[in-house]
Each structure stands twice: as structure tokens, then as C-alpha cells.
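First subunit A sits with subunit B, and in the next complex the same chain sits with subunit C.
Our next item is the complex of A and B:
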């Protein structure tokens, strides 16, 4: 039945707040009476009247001190009551807690985290010179990061990745175009069925091709992790790919792994392949342009093309190989197209929005046809002198920095490609115009609708000159994409475009046409 | 190993907004930042910032500094004489507001205040000989802040002037401020006419002893509760001190009589205080100086412990960077000018009074003082918006100071230089506007912002301090 006192010096609260505090404390179990007041003489008199202070009792507190009084059945309850009173007096009012920070749009990652405390990943697509700093902040604040931005120095990339690795976080990028984490599309990504195949890609379009084909063939993806295009260099040492491998290895839903990259430096390749081989899950590895024999080892299957990688993964996942190429139909279509060519029409012109598609096409075409001039060449000596001027067989990646300076990426803005298609149609040596058409989040809302009028106009201008140009393309996308795969393919087919199911397939059709026209294959 | 794959990521998107749209369209959660390059695009500053944001040593240091700021307990302990009270003050020294500045670069009001203080001290009889004395190099100048002192506007404190003594009953710190002279022709705006000088003498001879006796009679005055109460009465204790001055008057009036101060002196003292709405300002500033200094000197802390202006330069100090000042040109104040004055008449931002914002009062607590937002033609909701914005650049909030219009939310407190640079949100400051020429006085009042450049320099310095 004792009354306990506690003085909180120097804390001012108005009398209404104090009365509310007292009534809340009084409601606590074991508390019979409670008082909270600024210790002015008048308030102390009130406390005496209320029986919370003895008539003669003095208090070591002045008008600027806050006095708490509780009368409890058990003295042990007093401490809890005081704690609760102090908590009430210093708590942020609910109404204020919700909106005190309102009205300012979040400007920094930390501000974003205050607004969304469960945020777990930062997606950075700022200009390149600022990207590393944003990613470092994300990592410091305990979040994973994906850096879409390019033009980040190797030193910065190494610093970021070391930081991420040491903190048990993952840094995707820089120059990471595509990822799908737990069904959430990051950057340029397709809407892909969930399944049991995990993809790790150093190339955005490479990852898009593999995941889209997996979806097309009825299998699905757990996660697609992007590493950025420089991750497998000797300097960076595949930090992200190795960490991603561990993460997918630990992910119980992932049963098959696909690794996609340009050929890494030999020692990095060795490290990655050793890790893949040691993994519980079987891996399909596509190092575009690498000798398959250098890749194959226990648990690791080499894939020559992106399509092969997807097909092998689907087979490992479902136990069934996806339907193969309809070779007879292809051959007939190629023959028909070749037969319509004039003798001067001997060359393929590949105009790409996806850099990896361009590279894959250059690889496949040069293997069949010899030198393919390109800004993403299969062999260094085939680097094109002037990216604005095609010569012989040419494959141009229109996503190259030279073209994107001051304008959006060609997956979004088709003006450059439309102009270049018209230009190629003027060239009497052109037999085939080879294209990619990329769907998904981030891409143009109707890519085929952008390409078809250009193709129709180009065909007409060539026909006016007595030539028939073959147009060959592949659509990288899924039925679930906002643009819809079937509709996009139909639009192109209706415009007379020969479609491959993959970029590799389209490149083979193009090569078949030229080879058939020449009557023999050079190699 | 990364936990990235354990659940669908909740994304913060810095950059292309279409990426956030895609995530949302796919059923995910994304928060689009209103991102802009930190530090006005200076990549080096941005990198220094990135090294410090979320760094565990910095966060721990800030916890310590912020905790010391919160637990600081300023008590008005008495009135003293500058030369006897202020550490490091010497016989021929004048203290001034803002970061250090030499005589030639001082703004008009500060030069005027220097002339007035020399005449007040009797070092020279007239303005010309006062200027000659300064030119001879015989007068030492130093920043108030270098001596634990703060002064509004020119902030000139001379050895014989009376100063308020504020103690930190929790951490043992001390701060000093001169006494408020009222409005109109006053030394802090650079006036040095005879009536200004004779008022200063009256303050030293009559006001100071009377006020000192009253404070002693009260055994000191706890300042946080008084400030807290004033915030509930429409003050923000920088540009509006009407309530706080009244509350102080209520305490001093009986005490000055109880202390036995002769009636005529007591009456003159109380009449002066009653007529001086800003009488509490200097005490508020010293209280804030004590709170900020409690947080000063914590290695690695990015908490701002001083913001101050001398009418030419704006200076900022951090807890973790010692006595260094980070300086940018003092901004021009946007505000309401008294009739007959134009923007050309206004001096750039001046005075130590932004120590109040440093401690979470002033512009940071503007939501509690809707009356003053009229200086910038604003509404009460604008005043609330300023306070709300400031939560984004502070380490936390101060439960000792609550803001009724914000649902009694604790005031934003403890400015974090990292947050300032990361968001490009510059701390807001309520302030008076001085005439650019000496002695004209106040020409208006308004709102200004602490320049981002100061905080950018501070961030770079802190990064070097931590990892050279």
C-alpha cells in the first residue's frame, strides 16, 4: 500500500498529457493510484489532498521537475509502473508517428528505407559516375544491390563486390541489365513461369533469351541472377557469379543451374567451373564462343548457344528434351528465300538491339560464312572499321555506346534501327536482314509494330529496284510479357519475316539462305 | 551468404522510374526515389558520403553524440562579466559571431558593432579613433564559438559586457551569451550612437546585477522545461521568443524583489524585460550551445554541433571533426522587409543564433510557431511542413521539446551532415535580417537555408578523419 515517488528532472509536459499518463498508469495491474505532475507547490498540494503525499512529506523536486507517484499493492509493481509512465511520457504520439515524415518524397536510400523499413534491395540506374556510391550505401545499410548503370570503373566494381561479399550480400552489376528474383523483374526482364531452373547471367539479353526459351518450352525459373558484364574478368574474379552459385545452391527450389557468359579468363573459368562441378545441382554452362571441351566436367554440361543452354536445362528439369528444330521446314523456307535473290545479293546484315544476340550471331555466322564484320566481333580481327557503314557480312549491336549517347536504348527507341533497315535495303549486295525483337518489362510496348512498317517499306524499295530481300528475326519473349509473344510473332510473320524460335535459330536460317544461294558452304 | 533469395525483394529504385513501374506491374513492391546526385553532382563528395552512410563506426559515434545532446540539461546559472567568465577572453579582445573573420572582411553591421564596443570599453572616444585602433592591430578578434559563447547578429562581446552563464547540469559544460538590448538602434545591428552606448552601460551596471541576483535567488533556472512550455505557446525560441520571455519574466519578477534589489532598479529591470520580446533569445542560444557542445568531440560523429554566420561566411562544425569550420558564402535571407527597405538593403545571413536550429529549435520547430511563418508569407501548414522536412536530416527527435501542431511529436534534433548531403535538404533557419550598413538595424525577418557546400566539405573531412 506504499506510495513510491520518482522525479524526472528537467522534463516538461503539460497538465493534460500528465493526467492522461496518470490514468494509463492507474490502469496497470497492481496499481491503486497514480499521479503525474510538474512539482509546483500547487500540484504538490493536490497530491497531498489525493493522499499520494503525506501532509508533512517534502519532495526533492521543483517546479521544473516532473514528479511521478504510484500507490501499489506490491512494492514490486511500482518499478514497472514508473517504467511505463516514463515510456508514455517519451513515446511518439501515434498520429504523429505516421505522418510526421509525410509530404517529402524520399530522396536518398536511407530516406527510402525509413519509408519502407522492409526494403531489401536497391536497383541503381543513375548515371554511371554516381552508381557506385549509391550501391555502396545500399550495402552499408544491409541491402543487396543491382547496378544497371554502366561506366563504372573496375576499381569501383572490385570495391563494391568485396564489400558485398564480406557483408554476406549480393551485388549484381555494374552493367547488369536483367534479373528476376523471386518472380520480381529487375531491369529488362521477361515474365517467366516459376519453376526449378536457376540462371546466372553475365549478359542481360543472354539471360532474357535463356529464361524466355525455358518458359516457351513449359519449364520455369526460380531466380535469374545477373552478375554484370565484367564479373568474369580476371580483375573482378567472378565474385558475384560465385556468390550467386552458392545462393542458388542453398536454394532448395533450384534443381538445375544455367550459367551464361562470354568466355571468362581461363583462371576465372576454372574457378567458376570447379564450383559448378562441386555443386549438388547439375549445371549447364554457356560461355559463348568457348570450346565445349574446356567446359565439360562432372555435373557440368557445355552449351554452344543460348538456345542449347535453355534446351539442356529444360531437359534436366523435365526429363524431356524440348521439341527440336523443324529442319525440313526451315530448309524449304531458306531455299525459297534464296531462290528469290538476285546474283548480287550475297551478304547478311544483322541489326541488333541486344549485344549478346549480336555476338552470338557473329559467332554462328562466321563459323559458317567466314568473316563477319561487327562491333561485337567473333574474332578481334573482324572488328568493323565504321559502325555506320556495313561491309560484307555485318552484325551491328545498336546498343553500343556510340549509338546510345543522347538517345534511349534501341530496345525502347527504334529510330536508329528503322533508319538502318532502310539504308541496308538500298545496298544491292544485301541478301538477308537479320533482326532481334526483345519483349518484356523495360522494352518498347510494341516492338514488332515498330519493325513491321520499316520492313515493309524496305522490301518495297528493294522490289522497286528488282530485288527481294529476306527478313529473318527472332522474338525474345514470353506469352506472359506485356507485349505477348504470339501476337508479336504473328505481326512479323504476317509481314513476311522468317522467324527463328531463338536468335541462334534465326542466325542459322540466315546462314542457310546465303549458303543455299551460293550453292555451297565455304567451310 | 546473401539472403536475397529467401523472399521476394522489396525494392528501392534509384534511377529510371519505369523499372519501379515494371516491378509494381508484376505484383512486386518498389519505392521510387526522387533521386538527385548528392552534393550537387560532386562525385568525390558523393563517394566520401557513401563510405560514411551506414558505416557502423559512424552510426555508433552518432548514437553517442545524439545521446549526449538529448541528455544535456541546460541551467541558467547566473550573470557574469565577460572577461571574468569566458575562458580565453583577454583584455583587448572582441568576440564576434560566425566563423573567424578579419576586420577588413567583416560586414557593415559587424564593423559598426566593433566600433561601438570599443567606444563602450573606452578604448577610443569616437568612431574614427576606434577604426584607427583596429587598424593598428591592437584589438584581438575571435569567434564567440571558440570560447563557448554565442551572440545574435554581430554577436560582439567585449570584456566588460555582462554575459548570461548557462551550465550543463548533466555533462558539466558551460556556455555564454550577451544580454539582449531590445530592437531598433542596437549594437548587434552595428549601431554605436550615444544612446546605444549608454544603454550598454546601464545593462552592465544595473540590469546585469539585478538579473543576476534574481537568478541566484531562484537557485538557477532549468531551461529545457521553460523552452518546452514556450513551444506550446507559439514560440520556436529563435525568431519568436514572446512566450519564453514572458515565462522568464514571471520567474524573475518576484525573485528580483525577493533578492532585495532596490525598487527603482528592479522596476527599470522588469520594465526593460517586459518591453523586450526577444529577451530570452540570448538565453535560448546559450542553452542550445550547451546542448550542441555536449555532443561535440565524438570521434567519427557526423552530427552538426554548430551552424553560424558572420554576414560574409556561413560556417558549420561537426562533432567528429574537432574545431574545423566548413565554410561557404552566407546566403541572402528570403523574407519580409519592413516598409521602406528593399532586398538591396539586406546584409547576408548573420549571427550565432542558428545555434537554435542546430539544437532543434528555430526553423526546426517552426511547426510550433505558426505566427512567424507570416514573415515569408506562409501559412501554418507551411510552418508544419518545414518541421516535417527537417526530420529527414536529423539523427532523431528530442522528447524534451514537443510540437503541438504535429500531434505533440518530438522536435527534429541532431542534424546529420550525411543526411543533409545525401538528400540535398538544407537545414532551414528562421532569422532576422540586418541592414547591410552599420547601425540602421533590423530591416526584416525571414527564412533561409544553411548552404549545402558547408556540409559537403564536412563530409569529405570526416571521411578523411576516419579512413585517411
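Our next item is the complex of A and C:
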């Protein structure tokens, strides 16, 4: 057994390299022990204690030198060990391989703030466990925070929101996918023109629908504030929605407010509506599925659908109601689609990428057609048993956790929806396939381009079986979006898709087709 | 302002409009510590019972750190250190010696045994693997940890700081500089983040910084966290708080 030492001077390597060096050399055949340590007095003592240096042995090295030590069975193995050690130590680190120094991205909020001192908002998108930690740091630095992350505990959410509220700051989220702050789209959001309508949404796609329609009808948005999907729960108590309401009420540019959510718990709803009613700014409130009579009060107008919310807000903003549906044309198109259906074709299959779109469709369809089976059901008893298998009228939110585990969201990755469209086309009972198509930042660069081939293939497959399926969709987006609204709508229309101007409109067209086919008059 | 307890307000010139407090003021606070750093134009409610101010933001804060938080930080740091040290006998011996010395350092500083504390600190200098040897990193963490629970200012602590301040010759130059800065109350952002999170009693605040710390160097962050935990546990009854940011 032999112990050899070598001193390397003037070589600085980080700790990771030094420790990898020792581990890799020790793993070589014939090597019993290896060390790569700075030759500090303490480490020399340590090596003596470990038998790698003789008690009396002096070493010509100082604390800035690297001491390599190897204990081998055969002295001949030591040379190979030192060669390997030197090879590891002289490897050019990957980061330094290029001639130019890479710009170091900020690794913390403080670093980011140092690089951009006028920043006032932090967007947090980390695994849920760490999101609250980062958001609280942002609050401590006096900045508002948008927490895109989900899987944040309710306790963390309550703590973050309490801190934000006490500091007079805004905490959007967690699970806040959409916001537009001062004209800047954040997360999944559309490019909408600036205007005087402020939107506060507990639902990402709900906010996208309202803001996109406002833009379509020539009005504009001051800010769209996301609250996160749990904000209006009894536990959280709508802290963010109430704070956002106060903030927009104080904003001199905001003349109209729109509040969007699924129905909150009654006491939370009452608190929010009382605050909206007390505000000087008139509000339009869309609590999807709630009784409008429970919402209406002075200064507060109830909207049944997201489209209604946008239309009422535009009317309050501009003094003119937006152009309504071309009802006659809709009826004719629905009738034509219904006439082409085979007798077996009775059901609607809604395949959604936006959860709120799915919920809104389920609400509207079930009001017209009875039970609509769904993973985002209008009534609890209509919860679908197997999300992978449609039955009767079905609406599926493909953005549900069960579908997104291990794959991107269906607004980005269309594979799941393409497969499901093909599957539905095989079902002889399917009359209508109802779709949403979401544009904007965060979404796929060409959603229609993903859907059209699937629609064409599904139609051909059904026609080979003697059936003609109606495809109905709405595109949620604006002309300013990277994908462009007109081009996306044209692509779908050219593929024979009946287009609604909104999700609600599309759902009604779908219901009209089925109702017409059943012999009922479209409503 | 309510009954006096203790607080030290630190940071650059900054005035709290509603309270008239300036950074640098000693202020009164009922049963809690007030720490005011220089960030953010937040007013504070100085009469809130059992509350304190962290980075200018009012928090619910009690004295003392949740022991389970310390245990989980310690566990994570040990896992990281073991993973990085591999099977190297020399590294393992260094870790074991480092732990023993850290234990001795904690015991002696908590008891105010100046000479023993100085000796343990000196033995940690330059000990173990890494460009900044493990013992140095642990010592840095320890000095910060002592401050979290309001210690860090006794004679034994001062002796430890002098050892750290004059580490040149006992360790690499890089590490000696880091130790000198730590002795002066200057720490890396992530480690300071963990300490302030612990101090503020918001364990979740520390979570992300613990992860960030563990990613520093091979075992540097882990060693510093182990030192920090030892320092916090060795914290005496709070007498004074000070964190330079």
C-alpha cells in the first residue's frame, strides 16, 4: 500500500470540481482513498489523522494550494490516479468555454430589482411549495405580486394575502393565469387596447373572454386583475378581489368595473357585492351560474354570461350597446347543420381548453337540453363518471389536472384534443363538436392550424360512415394577438366550422342545432 | 408606542411617516422584536400586540424559531452534504470533525465560555473539502445563526468573530475574505434570506432560500446552513437583534 501526494499551486477550482475530483479518483481501480483539499493547516492535520500523511511529514504547500492525496494498493496506480485528477481539474468549465462571458440572469428578486430598479410587480411562477416564499419577498420589497403557480396551500394563500392587504399591495393568485396590468399582458392574456374598463377575474379564461370582446367591440381596458381561482372561497374571503376593487376604484382612468367569477360562497358574494355597490364606479358582475336577481343592486348590473358582461361594460363605457348577434343568420346556419344530421346524431360534445369556457357551456347547454355530463358540471349530479369517455351531452375541460399531468396545457399542446375529436367522430350519436380556440400570449402560435386538420379528418371519417358532424367554435382573441383573430377565424370558417363571436354564442348555436334536429324550434 | 421590550432598527436613513420611527432608532414594542430594514415605504402600527416588522412590513412574530423548521433545514443540509461527499473517507472524516467542533462551538458560546469558543472556531478554520472549506462555511452560518435569536453579541461571540476576522493563513484567501465579511455581519443573500425568514417566524419565507443555499457550491451552502442551525439553537435569550442587509 502506498500513499502519494501532489501539490497543485495557482489553480482555483470551485468546490463542486474539487469534490468531484476526489470522488472520481477514489472510484478508480486500485485506489483506496483519495483527497483533493486546500492545503490548510486543519486539512493537513486531517490527512495525518486519516493516515494519508505521516505525522512528521512536512508539506511544501499553503492554504491557497490544492493538495492531492491518493492511497493505492500498488504504487503504479498512483500515477494513473494523479493523471485522472489533473484531467478533471484542468477541464474547461462549460460555462467558460465560450469567449464571451454569458450574461448572468437574476437569480433572486433582489437581483432582478437591482437590474430594474423601477419594477413594481413580480410574477412568481415556481413550484407551488416555494411560491408563497417568493411572493412574500416581493411584498417585503414593496412590490405587487402575481402568483401564476398553483398547488399553493390555502394557509399560504391566506398568509400572503393578509400581508399584501396590510401593506396596501396587491397579491394576484395563486393560480392566477391571466392579468393585464397597464396594457402589459401577463401569463395567458390577450393584447387588448387601452380604455376605461377595469376587469377583476377569478377565472383566467373568463378574463380573457371579457377583455377580448371589449377589444372586439371597440372599447378598451385599464387593467385586468386576476385574483386566483380560490380567492372567493369562504376561507380566503375575496381579499384580492376586494383590494383590486379598491385599487381600480381609486384609479382615475377606470370608469367601469367588470367582476368575473364562478359563484362565490354566499357571505363572500355579499361582501363583494356590497363593496361593488358602495363604489362610485359602476360594476358589471358575472358570477357564472348565479341567479342575476341575487346580484343586482344599486350600481351593480348582473351579467348571465361572459359575453353579456363584456357587452354591458362596453355599453356603460361608450354609451352604445355592441352589435348583437345576427340571429337570422345563426338560425339558418343551425337549421342547415341540423338538416344534415342523421337520425342517430343527437348529442353535443364540448372539448375545451379553457375551464371557464367549459363551465359556461355546460351551464347554457344544460339549461336548454337537460343533463350535460362534465368534469366542470353545471350541477353536481352531472359530474361525469369517466372523463375519458363521453356520454350523452358531454363537456370536458381538457385543462383539468387529470389531463395535464406530465404534459403541457391544452392551449399549448393540442394532441389530447386532436385525439379526442377523432374519437368523438367515431360515435354515431355525436351531432355537434363544440370547441374553444384561445389566442394570445401563452397560447399555441397557431391554434386553428392545429384544430383544422383534426376537424377535416374527423368530418371525413364520419362522412365515410354516412354522417355529417357539425363543428361549432369560438375564438377568444384579438387582432393584436400574435396569432391574429381574423386569420384564425378565417381558417376555422374555411374548414366549415360555425363560429360564434363568444363562447356563449357558440354554445347557443350548438344547442340550436340539436334542438332543431329534435324538432324543437331554436330559441 | 407601547411597553418597552427591545429592538434595534437597522438600515439606511428611512422614516416611517405614521410612527415617526427612523432607521437606527431603538423602539418599544410589546413582547416582540422590531426589525426594520430599509425597504419599502410602509407604515407600521407600533401598538399591534405580538407583532413585529420585517423589511418594513408588519408581521405576526413571536420570539423563538420553530424547532421543526430547524430540523428540516438540518436534514436537507445533511442529505446534500452526504450526496456531495460521496464515499470519500477523507471527506467523511472532515464532516465528522466539523460537526463535533460545531457542537463544541455552540455549547461554549451559549455558556459564554470565551476561550473554548475561540478554540473551537479556530479549529474549524480551513477544515474540510472545498475552495471555501466546510468548517469556514459552517462558521459563517453559525455567526449569522447566533444573531437570529438575538445572541451574537456576548464576549464568546466576539471572540469567535475575531477568529473569523483573522483567518488569513489558516484557510484559502477566498474563504478568509468571506469569513471576514461574515464577522462584520455581511452574508450571502440566500443565507441571509433563510435567517430573516426564521427570525420573522415565517418558515415558508425561508423555504426557497434554503433550496437556493443548498445549491451554492458543492457543500458550501449545506455547511453554512448546518452552522446557521447550530447558531440558532445556541441562541441565548434575546438581548439584541441585528442583521445587516
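Here are a few things to note about the model shown:
Just so we're on the same page, the second predicted complex is superposed on the first by the 416 of 523 C-alpha atoms of A that agree within 3 Å, B and C clash if a C-alpha of one lies under 4 Å from a C-alpha of the other, contacts with A are read in each partner's own complex, and residues count from 1 in each chain.
Quick note on the criterion: contacts are C-beta pairs under 8 Å (C-beta built on N, C-alpha and C of every residue); 3 or more make two chains touch, one makes a residue touch a chain.
Bear in mind the structure is a predicted one, so any value in this text is a computation, not a measurement.
By the touch criterion stated above, A:112 is placed in contact with subunit B alone, subunit C being left untouched.
Applying the stated contact rule after C-alpha superposition, one finds that A:64 touches each of subunit B and subunit C. Residue contacts after overlaying the shared chain place A:250 against subunit B, while subunit C stays out of touching range. Once the two complexes are overlaid on the shared chain, A:33 sits against subunit C while remaining clear of subunit B. Contact with subunit B, but none with subunit C, is seen for A:149 once the two complexes are overlaid on the shared chain. Touch criterion met: A:163 reaches subunit C, while subunit B stays clear of it.
Shared-chain residue A:137: touches subunit B and subunit C both. When both complexes are overlaid on chain A, the residue A:14 reaches subunit B and subunit C alike. After overlaying the two complexes on the shared chain, residue contacts for A:49 are found with subunit C alone; subunit B is out of touch. Between subunit B and subunit C, B touches the greater number of residues of subunit A.
Within subunit A, the residues touching subunit B in one complex and subunit C in the other are 12-14, 38, 64, 107-108, 110-111, 126, 129-130, 132-134, 136-137, 139-142, 168.
Contact residues on subunit C toward subunit A in their complex (touch as defined above): 39-42, 54-59, 84-91, 93-94, 97, 123-133, 135, 169-175, 189-190, 193, 197, 202, 204-209, 211-212, 217-220. Against subunit C, the residues of subunit A that register as touching in their complex are 12-16, 18-20, 22-23, 26, 33-38, 40-43, 46-47, 49-50, 52, 63-64, 69, 107-108, 110-111, 126, 129-130, 132-134, 136-137, 139-142, 156, 159, 163, 166-168.
The part of subunit B that touches subunit A in the complex is made up of residues 1-5, 7-16, 18-20, 22-23, 25-31, 33-38, 41, 43, 46-47, 49-51, 53-55, 73, 169, 221-222, 224-226, 228-229, 232, 385, 388-389, 391-392, 397, 399-400, 402, 406-410, 419, 422-425. Every residue of subunit A that touches subunit B in the complex is listed here, in rising order: 9-14, 17, 38, 62, 64-65, 89-90, 92-93, 95-97, 99-116, 118-127, 129-130, 132-134, 136-144, 148-149, 164, 168-170, 181-187, 189, 191, 222-223, 243, 246-248, 250-251, 441-442, 482.
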